[in-house]
């Protein structure tokens, strides 16, 4: 993985570790072990799923100590600064959107590096992005955001498309990676801000 | 995998994709992304678990575009035709039983192809059959059918036995595969129809 | 794996199989298939997670028939002797603590055998120890013990440290393995007995 891609991947890891740890504090008021554990699972889960599906084991996010260190640090920071972080506007949602966007592009990029096809690379970008948060939600007994929420998988898949298609056309690079992450982040935050959902089945009303 | 086995496997994938997508509509009234996502997870989850346990990564159900296409199509069909499908008698249960029966025999067959022992092949047939539905149930926060329901794992294991034992005796073939699937389907539907459960622990009454 | 390590690993498997099966009886009053299934998942889940993260597939706990046999036997014994086992003091908690302690040291040992680094080996000891119980809790819809309970991950990590550090200093051996398991078991049972939790975030009270 190139250095800029690694930096983006570690940033995403940190954002998800903060998010998972804050979720643990808010959802279940866990102790420090529970808070850091949920932060690490949220931060590392998506990359582990991606590498299992790519057959690239052991997973990079587990065998590379930098991911473990950043994920642990994120959990500890969130534990120590819970009150300060909660004073920010929507910190959990924004951190989740950041991690989602960064992992969508880095996950798709890693899939391309390892020889995945176009469709698989886009899907793996999406899975990397939503995987950790889905495991987080299952562990604290919520319906996963990817199933229930305003535009969540779609921005991730869009971000991955912006990485994968130029790469296949031979013009890929860091610019597209940043553009993909920015697109995913924008679409996700607009979706959250306006409570946008994708279309529902014909004849079925919204949930009460 | 031989062509008939592939066809049965894709049929099972389609049945589980319809089932998962309908579950999403009924259980949680999700939008199109949630519906298709749950359909794909239900359809592909069992095969992914099987291939992880066989060490055959990347999983066939992920690296082969035909599985992804059939699973996506199943989710979209269920989304578009929710009302028509719900008019059928017990569509969710019957589709689940179909997927269960087909995956039990194709999962056991793939395990044999990859050199698994007798016990492992039977167990992998069962895991392929119940895996996707178990992940589906966890995601929509239900106790998994395999733990709670009328005969669910038993028909899958029976179907796998009908594939594995003749193969080990050197007389395996498509006939046994079809017979195994038919047996699994019959036992499962009889179990559903008559609310049959396996024996409970001595001295412990049924749940209220 | 050396013979003593294998014996400890099979003992841990048996303890977790009893624990998972009793959990199934108590939490959900499942039938025999559900009881044995939850026993097997609890007993084998941690080792499967460990081997996936080590890239050592197929997982030893699945490809080696002794693990499958011991896990099945544990589930069946718990099913047959539910009432006798429930008469013991806290059987579920003690069995869980036993499995936790044994898997912490055997999991760390296996990670070292397969060339994992110090940090990874300690973490893998912890993951092996808490993995099966976490999957068990998700399946019966409880917040996992590792997130919520009195000292659970900490004793597992301590036990793993007692195995990994001497090994790296060139003085490892069965004595350290047994000492690590004893330490983990003691810390866990003291944590349960005195309802000890790790520190909570500053300014956040305990859950109601």
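Each chain carries a letter (A, B and C) given by its place in the written order, and its residues are counted from 1.
Quick note on the criterion: a contact is a pair of C-beta atoms (placed from the backbone, for glycine too) under 8 Å apart; a residue touches a chain by one contact, two chains touch by 3 or more.
Since the structure is predicted, the reported quantities are computational estimates derived from the model, not experimental observations.
Indicate which of the five shapes (line, ring, star, complete, other) describes how the chains touch one another.
complete
Indicate whether more than half of the residue numbers at the chain A-chain C interface occur in both copies; give same if so and different if not.
Answer different: the two copies use largely distinct residue numbers here.
Indicate the whole-number Å distance between the mean C-alpha point of chain A and the mean C-alpha point of chain C.
So the centroids are 29 Å from each other.
List, in ascending order, every residue of chain C touching at least 2 other chains.
52, 57, 138, 141 - these are the residues of chain C that touch more than one other chain.
Chain B touches which residues of chain A in the complex?
My answer: residues 52-55, 57, 117, 119-120, 123, 134, 138, 141, 143-144, 146-148, 151-154, 197-207.
For chain A, which residues count as touching chain C in their complex?
Against chain C, the touching part of chain A is residues 24-25, 28-35, 37-38, 48, 52, 57-59, 62-63, 65, 68, 79-80, 82-83, 138-141.
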